[in-house]
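Paired with chain B in one complex and with chain C in the other, chain A is shared by the two complexes that follow.
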Partner chain A sequence: MKIRSALENYGFILPALSIFAVFYIIPFFFVLRLSFFDWDGIGRLSSATFVGLGNFKEILLQDPNWWQAMRNAGWITFIALTFQNILAFMLAVACDREIRMKNFYRLIFFIPPILSEIVVGMVWRFIINDVDGANIINRFLAQAGLAQFIHNWLADPKTALTTVAIVHSWKGFGWGFLIFLAGLQTIPREFYEAARVDGANAWQTFRKITVPLLMPVIILVAILTILGTMQAFVLILGLVGGELAGHTSVPVLRILDVMRDSSRFGYSCALGINLGVILVIISFIQYAFSNRARALTQDYEHIPSE
Partner chain B sequence: MTDREPAFRELARRYEAKTGIKVNFELYAPSDAYSQKVRAAAQGANLPDIFGILVKKRDFASFIKAGYVLDLTPYMDENGSLWRNKFFAKALAVDEFGEGNSYGVKTGIYGVPIDIVTIQMLYNKDLLKQLGYQRPPQTFAEFLDMGKKIKVAKLQGLVSGWVENWLIDCFANNFAFNIMGKDKVLATIRGEVPYTDPDWVKVLTLFKEMRDSGILAEAVVTMINKTAEQLFANEKAVFAFNGSWCVNVYKSMNPGLDYAAMLPPKASDKFPMTVWGGAGSSFMVNATSKNKDTAIRFLQWLTDTEQQAYLAEATNNLPANKESLPKIPEVLAGFSKAIDSSTHPNIWDVSEFPVVIESLDRGIQAIILGEKTPVEVAAEVQKIKERELARKDNRPR
Partner chain C sequence: MSIYHQSKKAVVNTLIHLFLLAVAVTCIYPLLWMVASSFKTQGTIFSDISLIPRQFHFENYYLALTKGDFGRYFLNSVFYTVSAVLGIVFISSLAAYAFSRLRFPGRNIIFAVFIAAMMIPIPGSFVSLFVLLNKLHLRNTSLGYILCMINVGLATSIFLLKTFFDKMPRELEDAARIDGCSKLGIWWNVALPLSRPVLAVVVIFNALNVWNEYVLALIIFDSKHLMPLQRALMLFRGEFLTNYPLLMAGLTITALPIIVLYLFMQRYIVKGVASAGVFG
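Here is the complex of A and B:
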């Protein structure tokens, strides 16, 4: 009876497991295998040259373009973690309160994430660019008497990456907003009422109740932001069109370019593995942080609600 | 390529009416997405009967060596080379592998050219007149001098899709041939001349001079070619650097545009200006297809004078069949004149390492952005070249 029950349970997860295996696990091992070869993606794999860890050695020691792409992705991630998530958090806190038209705001804030990245990139390119676009940002600056700030935002290496990061944040803040809002709504209202009765002001309530109880959610959003941003590239293609001499290069774009322009499929697989390893390390760090955050909030969980 | 879909569909209809054989054309854009599709089809053993390979000669060679492409030489040479003689020699050369080629491919013709492309500069006749010029620039110095006037007139100078490395590569190569000649360029690729050679530094310096003179359009290094085409077609830019396919594109964007093609202005009198040209699109026959003979018969029909003339007329592309050339529009004739001054990396017997090309192109972008000097870029490119040469020597054979 027990075996039958176990088989039934496994039967339920089998479809999902099969899809996961076919589209993730098997390709992963295939990519891992390719990363040890020098292969152009055209000839038969049997004719590829085995190079062992040569591709990884090249990545670590001889590929400054890859590490520049990593640094660029790191900068976009930093902007997303700070600007994007703080904005999302503040808006979620605002919409968690009894304000007018809060459902309308919830809807509006969630529009950017559901738009296609390439569309967002091209629309913002049109908004920002002065040569082939409407130059709206610069026109606005001129109208506002801030002509000294008029700039070629996407073509100047000094501003291109940050411009990309800000547009990326605009596109992505809706996800954080939604998750933060869901997290805020799980905090029992009694805590706030009790704090108010005890004379706590809004800042104290926010610092002592909202932030600690929301910590697991904050970490979750942070990790999703890191994982999502480190893999971003479509938006950059739409906005800048490419790597801009390396200034807007990001890891996935780099992998794509190595594969497409240099026909080095084995090496690009090794780059993919390298990125994957870095993301796994980040995920483990997240796991450690989550555990700590959980411990931090345990005291609250033991407070009886009645 | 997708702009030719109606014309190909019409030709397929005519062929079916004539022979009863149904031909299904599937066109994809952009070209790099198409290239990946063909690679994936090759790996998945589901290449169509006829396909195109839009990649570098090195990759073309890999397709042949893997057994995906049929050697068409016997068919080309049938009946006293009747089929072969229909084509411009330069168009056929792109699909040809000569004896003792460095790619290790058996001598032969492995593709059928459908049209010819030359990549040149274009100028807007009306805008030049408005600026006070009666003719396009003949020398590089004249070209640079126009920069100031163009800026004052609030126009863009030279537009091109220089976010794409290959267009920068093409432009730089034109001047490399002009400054140092073909032999020295090929010697550089073979590793016999360093990129730090004064002639290469001179080529790179041209980009710095263009930036300083203001002749380059703003944000040219973030410009995709479609944007460049829109700017030129909408008369916001005086010059463009584009391939002959643009005739059809400009016609659809602005039928009244008055422009002409020109060779890039010479930076030196030592060697002639040479532009990239040759077969634009070629069709290859799947060597593993059951319909090989049918496919070849269709390609013979498709490249016949009548069909080629129709394609040239309907798509504004230069025909690969030389007998169809008299029927082309005037602007296209301007492009066709450059066929004699054209070359292409795919007809050279050596090819540069892709990472060297990438570093050269990125270096040129950095020069235009004002981040690096030509000497710095030359040194960086040479460093990568030496690394790749060393790697090639150490690779197991």
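Here is the complex of A and C:
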């Protein structure tokens, strides 16, 4: 009877487990295994050459393209962490006040995140790119009397990457905004009241109450930003396409190119593992930080009640 | 409150509104421009940059739907989105119910593996999926794509639903059991209807995710007639590189359904992001 019941219960998870096993677990170990082989993806897998750690050695020592892509993604991530998240934070603080049209702003700010990266990339390309004088930004600058700043933003290798990062931030800030806003709304209003009674000004309240209490949320947003941005690449396909390949290339785009254009399946798997390991290490560092931040804010929570 | 304080507050509030409005305009402007451009012609698109075209040219939509074949791609996207979301709802709620309520050996370990999968990124997984789907003869098939998309949404949906089931009171289920309801019956008649609010979150996020997906569609589909919109747009751009109004019509067809869905289901999105922060 007991065995029958357990079998019945397994039936509930069987569909999930089988899909998960075939499309997640097997590919996961397959990536690990393939990364030790040199294989063109066409012939039989048994004919692939075992190269040991050769792929990883090549990544570390002889692949400047990969590390260039990594640096590019690092730059986009840096802009997303600073510009995008500070903007999201300021907007959330502004919307946390007693202010009219709060729901309208919340509705609008989350429109960019629901659009696909392909759509966002293509529309912004149309707005920024200089094909046939389409560049709306440049027209705007000319009309505002700032003609000296007119620039071919996407075509110039010097500005292309930062332009990509800004469009990425445009698409992504709504996430941070909503998470920050939810975090801000969990801070008890009495804390602000108490601070006001004690004669604290707005800046002191912000620094001594808002920021410390929100620290775990800030770290959460930071890690989601890093993980998301380091793996972003579809936006770049929509925005830049194949042009300027090296200047706006990012790691996952390299993995895709190595697989599709060079047919080096083993090597592309090794690249994927390299990126995955780096991301997991960053996650662990964040985890340690957020534990410390939580401990700090918990100490802090005792102060107002005293 | 003194007049000084009142007027100071009014100034501060005005400045805040200006800041919020400026950002709101940058959010909407590109979309309005996309829609406006889709009604222009190749000749007027760069000379008339106003948001309301002087003349509305609907033929871009006609061309996109016929010559561009966007009608088919649109139906493909609808089919993949509906199938994958239905699959995710049934499969993940069954599993989440079991993880929350039923006992069987290995329950915690299996759940932990699902959660670990949610956290560990494998950026190269599409390489091995490509090989695997080839072996299973599922590459370049609708079924292969739908199964992959179900898998993508599974772990997070199970996590959200299990969290909900854990907090759900047991009395109703107990009553149903006393009335002779089977486990499957309790899941279908009691647990599933009660979890409607969180199911809405699962549905909307997965629908957005499948509709907007690109890279799996890129590696899975070779045949044009199977492709969803996102994949087709990239092909379309290659073919009609300089026909901007036509491209803008294609982009509008792709973006509009998701914007409408968002406007109707907005409160579930806010709830989903606020409660979990786990998607994305």
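The rule we apply is simple: the second predicted complex is superposed on the first by the 270 of 306 C-alpha atoms of A that agree within 3 Å, B and C clash if a C-alpha of one lies under 4 Å from a C-alpha of the other, contacts with A are read in each partner's own complex, and residues count from 1 in each chain.
What we mean here is this: a contact is a pair of C-beta atoms (placed from the backbone, for glycine too) under 8 Å apart; a residue touches a chain by one contact, two chains touch by 3 or more.
Being a predicted model, the structure only gives us computed values, none of them experimental.
**Student:** Clash or fit: what happens to chain B and chain C when chain A is overlaid?
**Tutor:** clash
**Student:** On the A-aligned overlay, A:I136 touches which partner chain: chain B = first, chain C = second, or both, or neither?
**Tutor:** second
**Student:** Considering only touches as defined above, state whether A:F23 meets chain B (first), chain C (second), both or neither.
**Tutor:** second
**Student:** Could you look at A:A194 and tell me whether it touches chain B, chain C, both or neither (first, second, both, neither)?
**Tutor:** Touch status of A:A194: no partner.
**Student:** Quick check on the superposed pair: does A:I282 touch chain B, chain C, both, or neither? Answer first, second, both or neither.
**Tutor:** neither
**Student:** Have a look at where A:G246 lands relative to chain B and chain C in the superposition and call it first, second, both or neither.
**Tutor:** Once the two structures are laid over each other on A, A:G246 reaches chain B alone.
**Student:** Let me test your reading of the model: by the given contact rule, A:G41 touches which partner, first (chain B), second (chain C), both or neither?
**Tutor:** both
**Student:** Among the partners chain B and chain C, which is in contact with a greater number of residues of chain A?
**Tutor:** With both complexes superposed on chain A, more residues of chain A are touched by C.
**Student:** Quick one: classify A:L178 as touching chain B (first), chain C (second), both or neither.
**Tutor:** Second partner only, chain C.
**Student:** A:G272 contacts which: chain B (first), chain C (second), both, neither?
**Tutor:** Touch status of A:G272: second partner only.
**Student:** Can A:I150 be said to touch chain B (first), chain C (second), both, or neither?
**Tutor:** Neither: A:I150 stays clear of chain B and chain C.
**Student:** Of the candidate stretches 130-138, 166-174 or 202-210, which in chain C collides with chain B after aligning the structures?
**Tutor:** With chain A aligned, chain C clashes with chain B through residues 130-138.
**Student:** Once the two structures are superposed, pull the chain A residues common to the chain B and chain C interfaces.
**Tutor:** Of chain A, residues 41, 131-132, 241 contact chain B in one complex and chain C in the other.
**Student:** Contact residues on chain A for chain C in the complex?
**Tutor:** 5-6, 8-10, 12-13, 15-17, 19-20, 22-24, 26-28, 30-31, 34, 41, 45, 87, 90-91, 94-95, 97, 99-101, 104-120, 122-124, 126-127, 131-134, 136, 139, 170, 175, 178-179, 181-182, 220, 224, 227-228, 231, 233-234, 237-238, 241, 251-252, 255-256, 259, 265, 268-269, 271-273, 275-276, 279-280, 283
**Student:** Give the list of chain A residues in touch with chain B in this complex.
**Tutor:** Residues 38, 40-44, 47, 49, 62, 129-132, 152, 154-157, 160, 240-247, 257, 260-264 of chain A touch chain B in their complex.
**Student:** So in the complex, the part of chain C that touches chain A is made up of which residues?
**Tutor:** Contact set of chain C toward chain A: 13, 16-17, 19-20, 23-24, 26-28, 30-31, 33-34, 37, 45-46, 49, 90-92, 94-95, 97-99, 102-105, 110, 114, 117, 119-132, 147-148, 150-151, 154-155, 158, 183, 187, 208, 211-212, 214-215, 218, 230, 233-234, 237, 242, 244, 247-248, 251, 254-255, 258-259, 262-263, 266, 269-270, 273-274, 277, 280.
**Student:** Quick check: in the complex, which residue numbers of chain B touch chain A?
**Tutor:** Going through chain B, the ones touching chain A are 32, 35-36, 39, 42-43, 55-56, 58-59, 62-63, 65-66, 68, 156, 163-165, 217-219, 221-224, 227, 230-231, 354-355, 357-358, 362-363, 365-366, 369, 371, 387, 395-396.
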